[in-house]
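A, B, C and D label the chains in the order they appear, each numbered from 1.
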Amino acid sequence: MTLQAVGIHQLSRPISIRTKEGTIQQSIATVDLHVHMVHGDKDSCIEQIIPLLGTYTEDLHVGILPTLLREVKQQLQAEEARMSFTFPYFIQKVAPVSGTTSIMEYQCRITGSSEPNPSPRLSVTVPLTTLCPCSKEISEFGAHNQRAQVTLTVQPSGFIWLEDLIRLIEQCGSCEVYALLKRPDEKFVTEKAYNTPMFVEDVARKVTMELRKRKEIDWFSVEVESFESIHKHSAYAYIDSKDLDSSCC
Amino acid sequence: MTLQAVGIHQLSRPISIRTKEGTIQQSIATVDLHVHMVHGDKDSCIEQIIPLLGTYTEDLHVGILPTLLREVKQQLQAEEARMSFTFPYFIQKVAPVSGTTSIMEYQCRITGSSEPNPSPRLSVTVPLTTLCPCSKEISEFGAHNQRAQVTLTVQPSGFIWLEDLIRLIEQCGSCEVYALLKRPDEKFVTEKAYNTPMFVEDVARKVTMELRKRKEIDWFSVEVESFESIHKHSAYAYIDSKDLDSSCC
Amino acid sequence: MTLQAVGIHQLSRPISIRTKEGTIQQSIATVDLHVHMVHGDKDSCIEQIIPLLGTYTEDLHVGILPTLLREVKQQLQAEEARMSFTFPYFIQKVAPVSGTTSIMEYQCRITGSSEPNPSPRLSVTVPLTTLCPCSKEISEFGAHNQRAQVTLTVQPSGFIWLEDLIRLIEQCGSCEVYALLKRPDEKFVTEKAYNTPMFVEDVARKVTMELRKRKEIDWFSVEVESFESIHKHSAYAYIDSKDLDSSCC
Amino acid sequence: MTLQAVGIHQLSRPISIRTKEGTIQQSIATVDLHVHMVHGDKDSCIEQIIPLLGTYTEDLHVGILPTLLREVKQQLQAEEARMSFTFPYFIQKVAPVSGTTSIMEYQCRITGSSEPNPSPRLSVTVPLTTLCPCSKEISEFGAHNQRAQVTLTVQPSGFIWLEDLIRLIEQCGSCEVYALLKRPDEKFVTEKAYNTPMFVEDVARKVTMELRKRKEIDWFSVEVESFESIHKHSAYAYIDSKDLDSSCC
């Protein structure tokens, strides 16, 4: 007797997501679906799974994940159903000095499993600037800086907005990243980054400290990758909340 | 006190691998390196890690991973060191009827951690053909088939050749894949695939059965992705050896 | 004096596209923008270009490309402005026997240049099945088949729907590809593909023949890539309409 | 009558390249091969092309491209044969102050066509640092900088080393990029970049000026993409030598 997962990968679907502002945002998700089945008297023609999925994805939001997973599990008489939706999400940002607005894209992911209980995980990948403390300290002027990206994955006990996770992360780098900056904004972000030098590990720790203030997060991991401007490789840091002391970070 | 990982991602290096035939194969690896450190009295300038790595990668093979990890851990006074090398590997294949030879590329990965003990894991990704049993059964002639890929990851208790893992997988699909086939070979693989219909879950189970005969494998996972010729998405199956009964599969 | 292009790459934006059915489809485009400028008395701070772009992309469709390009050119006092929008587009398909509907994704691209005149080009990438004539002919049963993709780029003299280009291509392979097929559909597509063997070059020629019937196409190129099920590499064919005889294909 | 290209894409092969130092470097190429044929009395089973390719790729270098293309053309009775090899290439670099050595990877490409004559083109993609002149000028301290990459493609009239093209480009940015820097080196590159502010268009022009001193280059294009540290998109510049005045740049 073998417990094994079968499923579908790389299915692309239009989805709708409710925004914190109360509107509906249209996006496009890559869907992966796995069901765990005990191999035995029945063979799953994988095709069975798709029509069920079709009835949900035309108007999807995070809240329906538990119902969707339960129905997949039931219909296929499976032991467990898992699903992930990976999609871009857009937020309007306001430039720090000029107040000019522009739209930024963030990669997001919602994953859920029917077992042991269908508490979804949310991931957001957020670009920001890191400015190297070592470079600043040893140099008479300037400091190397670069685009970095933070991938935060959380398992919340209650509801949480993608906007809140993204906003939290954006305040934890040397500076935020924008789609559009006027000259006074560019001066601001340049000087702000220079005044806030951070290694990738500093960013990971700052995100961790902010998350520990949130009671509604049961578990999280923070991954920071910095596309170093002086190298061809990346600097990397990672923290998993289960490795943390109860005291502090 | 925070235990966190810091490291380097996407470092590209020439490497040398010993082949089963006794030769040395030159390849190119993407290296990821993480060390787990307790944040406190010292701040790791990530740069420290690279020179150490440099002394090994100019002539690397699997056997040196434990020594390399121990040295990284020691030099950085870390709690744990982890490393992965991802690289293409080439094997000469013989066409089934004509005997024509050609070279096939396989993506491989070696990962290791200094803790609890430095037993490396090996991964190989192997292309093969799957022919749909459902399509064959219901159609008067023909059957849809496609390229699929199997990713096997093993934790061996002793030494194991990449060649042996690759060979094992290639015999578990509807048919093998080759870089070069003459007409009698093409007839052979077409008919062989038609005579050996397999769903992705059948491939995963067959690989599992073969691996359970091998005493030197402590743990493994099998992942099969089939790039369906009648869909734009993939069919997928996964088995983890820890979910298996002691009886059989 | 140097004529050079400056611009922005990989800007991600929500866009709206009018569908043939009369609705508006929301999608997400990757935008590339180049302007050709004579280097001399002025230095373009690239940032100038973004606000202008912002006023258009919140409600974009193909028809505004000429106006947008003219305005970019004018505002930057450039010699020429070029822009491309690459985005997924969804069309509902009906399964051939059961009539079941499902949504398929197609990668599309619109590119335009202000010079010599702003006639946009459209590209669509469409998946389909190819079944090898050689394999069918030499084998007693079965025939290898696989997913292939056709990328058609056209320069139309008048308006043309993405839907019409996609539909034209889908009828030029061994069989169409669907997101959802019931058993009678799977029987149909299996047998249809077996009855319609085509090499990549056959697909390219059939698309070419269909396009030559269309008076509204000034120029086109057809690219076919087939992810061979018996190899790890692809088979490829390409036709450019300017290499064609006036007689026939 | 249709002139069309047929071929093979994404074939992976080990290759050998002669280095400027006189050694042989092992690398791995992705090979694309197209032949232009007039469709008519014969149908090319694409498989014919592969064995021929096999006899060359086991020991390949730039010099054999004309012979290889001529033989492909002849054997297939084609009008034209085209081929490209894309591969990573490694060069040992010396850090600017400490003299520490480290290995850097560069993506390279060799393409050739049998018609009108088999003069190969070489491409190299080289990472470097750009530091924004605008940001430096308007800020009291600091300046945003980032990793950028230059892709240079040349059609040389005579022999040219990949090393010489790479070296030429590395001297045209705000600063070079290294795999390994000690503290005095990091101080050096930080200050050098701050003292050498350059937009992407400045880098493109500087590469252009250097290339125009080289008599052995018949044609070239320069493409610069800068992964802006203050944005999520890239800044881009492009120069094609055929758009240049005879006077200067």
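Assume a residue touches a chain if its C-beta (ideal position, glycine included) is under 8 Å from a C-beta of that chain, and two chains touch if they have at least 3 such contacts.
Keep in mind the model is a prediction, meaning the values are calculated, not measured.
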Which pair wins on C-beta contacts, B-D or A-B?
A-B
Measuring between Cα centroids, what's the chain most distant from chain D?
A
For the homomeric pair chain B and chain C, should the interface be classed as same or different, according to whether the shared residue numbers exceed half of all numbers used?
same
Averaging C-alpha coordinates per chain, one finds the centres of chain A and chain B separated by a number of Å equal to 27
Rounded to the nearest whole Å, what is the centre-to-centre distance of chain B and chain C, using the mean of the C-alpha atoms as each centre?
35
Gap in Å, rounded to a whole number, between the CA centres of chain D and chain B
30
At least two partner chains per residue is the criterion; list those residues in chain A.
11-12, 47, 105, 134, 179, 181, 186, 232-233
Note: in the complex, chain D contacts chain B through residues 11-14, 26-28, 47, 50-51, 54, 58, 88, 90, 100, 102-103, 105, 179-183, 186
Within the complex, which stretch of chain C touches chain B?
104-105, 127, 129, 131-132, 134-135, 138-147, 175, 177-179, 181, 183, 186-187, 189-191, 193-194, 227-233
In the complex with chain A, residue positions of chain B that touch it
1-12, 32, 34, 39, 43-47, 134, 199-201, 204-205, 208, 225, 232-239, 243-245, 247-249
